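First chain written, first letter: the chains are A, B, C, D and E, and each begins at residue 1.
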């Protein structure tokens, strides 16, 4: 041991001096040290620029649109006939279609997703959860175009065989399929929220002789409520923004109706229809694209802010 | 450096031979009778050949170094240990003569008779009132007036009524740690169990709250059988009638508390009590 | 004194436990429902595609004749597009995450950026399509080339990558960077040599999942205006192109013109799903294999 | 996938002439064909009619496969009207397929932009009224009945004919992006408004599916889309006064039995672009030399050969 | 119950008046001289008027109950504490006569001279070789041969060479806790610091590994000045030359270790050492 430390001290001067010497050449690294944060800051700014870009893009053309079509008419009009001798630009049919399809989606995804979350978080063994959860999440990764045709060629005929009044394009089928797509999102996020409720609270209830069901509904879910609600709001916002499924399976009728057996158009589907590529600038139809997109953007923005607000505000302390 | 060695020389007792389990006192009713209980977490053999009887309307303390299986044993008594999926048990535990490890004994039923208070206070994130009313409600009591009465009686029973009677609708998380722990005790009292299991109920509390809980335990034993796990030997000495000493998953010794603390039969018990390990 | 009637309590016990078990079954069914749909969906495309996927299909050019049609053009389009998306999003995403987690002072500005990223993650993809159309295709006069499509999709998945990278960086235990600082390392040295390598598996997992989202995106590409028919293979990022999901879209639409197009679409879906499956497996593999247990 | 080589067997006529064309082309224009070769490159961008799309994409594929592998012909199908909007702008598309004549406004806009437009009639299409295959009663209609059905005047089938079921008629058609819509509105309906509950679609394939699945459906589109889906659709014969006429490649002609519902379909060429880009002009010539050969395959009737030849000559002058 | 009270009566020392800091030994060189150091985490006043000198080639132990500021003081010495954004300091710390709190003193420089070993072994998730080579590399040493030498020398210095010499390319996480800790020490040795700060370096280790590290510290003090924070008073007594006792952010007493453990001047020190609090 003594020999060891002898050897060490002799070499020591060596390394020390090398370190000292290298310090001289460190001016370069000093520059790096300063430049890197600036560069990374610029990267971070890109996200802000994206938002600014979206808002400016949408806003300027939207303003042009409102020069041609009064804002009041746009938001209260129940008739949308963009390409016609007497075009009318009421956005209500689109908002209506969007809300109805999102509602249907949530009626499917909400209960099923929540029940799946309960199963995974409260009943399933670790092993089962580790298998089922990723499998369920595959659903969320399937391209929406695939879902679109699934809705159109499988779900719609299936519904029509049970309920013949349903049209070959209708809002019901894409709504259901969107719901299926959203199930894993709600299941996964709600499961996270419920799993993060401390076990001690669960044990408290079980220790009083409560069944798992009673524990789940009366203790765990209330405690996880903020997370559950947030997952629902995010689900809705996903449904509102979903495009291909409704485009394909609901068609492009601009009906203003509450009859879910009929074809309706959502805001997103309208954008796809009208854009169809380099839609020619300068026409009212072209500007309407932006006005609808702006409405959609504001819609989802509100949803996202709502989700954040909810998950902060209603967080129960435990 | 002399101060440091004082402890190790301070044992004043004779070492006696290892004696497994002392017989239960004859004049008491037995609530729990454990026979040859073994328990494994996967490969870990956490409880080994446990033989133990717990008497009615007494305070039984369980002491032992960390990891010796105290909590595990306690949680076996209300089958809470089953929440760990890898658990395997053999042997027998009789609760008032009925075998509880039998799958036909509904856990929900068992837990209604055998309440539990945990180490860290774990109130539900609900109002004080709803915390107490939770148990009665799941057992089918819906009548508002009866619930009110149960809530008051339970809170009184846990000596916390005066402190919270004006804020029953407030969230339980607004209470101090000691109050929360008494609330949890009250919550257990509300379902009127026979036995109350307490797993280090004061280890998260300050000395003042600890004393309050200790007083409470003394009071409760008039009506309930209490089994309490504790790290704190003074506490075991102060509040328990009988004490079991666990080591490495075995019961080294069980006897009247006075006996355990003054003339333990096993020298491992003595070592532990005199602070030589743990 | 006694409020709890022991008899009543044990009488209610049976129904309570039964209810618990019934609902447990229901919850399991709900979980399996999603998987059932998944199975149907996959079964249908696989059945439709049987006999259509072969080497010629994978390497061939587009044709109006279903028997001779191939998807090499779409595959190459998707590959080239990912060649834009992957580096752009990784560099921007990881850079932004490093900035936010390790450099930015916690304050108003940082929280604005953070909120903004969360919001961007919720902006519908079609709106990104409009952004791409306006900025890249029109204002920058790129036209509907691979680069324009790639950049549009990059912006779309950037928030996902940033958030995943932030989480991965945050999960790197502080004691590792402390060890580095403790030896006189500078901040960037510490980031480069300790934090990033430790966070990389997490970052990659998130990035791969984001990329597989981009591969399946259709709506923004339709807005950018990918033509329904284009024959030459894209040879670089400045070429016009079509991508797998677009090819699926048009073939399915045209299946009313030529019934076999439906099989081609199904076959293309199978190819796309396989691609996604490989990517996701890679993500899981990375997560399991390389994630350090600190 | 082995589609790009020796499969010229069935189009000898087309491929005999074109190499010569292209040789000229290479020497006469400023394009980089200095070795006198017929190798062209660059892109040709086509948008517009969905009706014409099948024909145009067929021509484009053959052109790219057999003639000019380095030219990229991109065909989209936003619809005639939507297509004109992309055609009539700076750096607009090279061709716009159309299932109707160019409108005066559109002409005016072209003039304003200084775009010289050449109308190229490529084929003849018969507007076809289709019903669900299970529909065994509405096999023939008069033009007046068609008008009454599509304007919503007749609500139920029994309104058309008391013997027919008392079921609500559901009308379908392409949306306003399409020339077919305008032709129908202007020529067939004589500018009367369509029924307010008509189901309008962007994609013809969607329309085909819709009509094939709805027993009470009646819809309209170009003959080609019916022709490819005869199993799933029934075409209604129209009684123009001399008895019912079914649309077919024989009856669809400018002086045929189905003439009243027959319309020419076009592609409009941006002549400025054709002058600037050799490949655009070359493609335009190729279209007019091959349209009649490929028309039948895609559900169109050919135009008179003289008309096609006249256009080829006219185009060659541009070189 | 007599056993339980033994400890509390066992103090054999006189209580003397509070004496702040004992003077440093005259015949030793001072490496760190702390004057009137105050430190706040936001509002928390974590270090209060610290005056302390640390001698060269000695082992200085810092003891005190949890939260008294031991780690904070240690981390001030290599300015690691600055990683907490809310930290504010006043006062002076001189390292070999140079003020280190001065912003002109590059932290990277300081940390190259003042190495640190942490409570939990924290090797990088890299190979053993790369762990040791990390420091030299960031300081610009790229030559493979020199690196090889440094790695061997450092591993020998931390008495772990023989155990790992055949697996230098393996991941450091494959080592046992004790080996990892010695690896971390070797990693620090590789940059040849003057001072080594150790924050409870053995608290995560088993007794056997602990003894190895203690031996190592004894060996290292021939070449390095060592400051070690420890909870374990026996350890402080065994390995340190001088000991400082911290309480609530203040230095209660600093003196030769023997003096502190046998005749502390302050009765709070005595209380602490005799186990009355902490």
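Convention: a residue touches a chain if its C-beta (ideal position, glycine included) is under 8 Å from a C-beta of that chain, and two chains touch if they have at least 3 such contacts.
For each chain, UniProt lists the protein as follows: A = Phosphate transport system permease protein; B, E = Phosphate ABC transporter ATP-binding protein; C = Phosphate transport system permease protein PstA.
Source: prediction; values computed, not measured.
Any chain that touches subunit B and also touches subunit D is listed here: A, C. Minimum number of contact steps separating subunit C from subunit E: 1.
The chain with its Cα centre farthest from the Cα centre of subunit B is D. With each centre defined as the average position of its C-alpha atoms, the distance from subunit D to subunit E rounds to 86 Å.
Measuring from the averaged C-alpha position of subunit A to that of subunit E gives a distance of 50 Å. Inter-chain spacing, taken between the CA centroids of subunit A and subunit D, is 40 Å. The distance from the centre of subunit A to the centre of subunit C, with each centre set as the mean of the Cα atoms, comes to 12 Å.
With touch defined as above, residues shared between interfaces to two or more other chains in subunit A number as follows: 211, 214, 248, 276-278. Shared contact sites, meaning residues of subunit C that touch two or more other chains, fall at 16-17, 186, 189, 225, 227, 252. Counting only residues that touch two or more partner chains, subunit E has 109, 112, 139, 191. Of all residues in subunit B, those touching subunit C in their complex are 106, 108-109, 112, 136, 138-141, 146, 149-150, 153, 191-192.
On subunit D, the positions that touch subunit A within their shared complex are 47, 76, 78-79, 81-82, 85-86, 88-89, 170, 175-177, 197, 199-202, 206, 209-210, 213-214, 217.
Per the touch definition, subunit C reaches subunit E in the complex via residues 105-106, 173, 175-176, 178-186, 189, 193-194, 197-198, 292-294. Considering their complex, residues 1-4, 43, 45, 53-54, 57-58, 60-61, 64-65, 69-70, 72-77, 203-206, 208-209, 224-225, 228-229 of subunit D touch subunit C. The touching residues of subunit A, counted against subunit E in their complex, run 1, 4-5, 7-9, 11-12, 15-16, 18-19, 22-23, 25-26.
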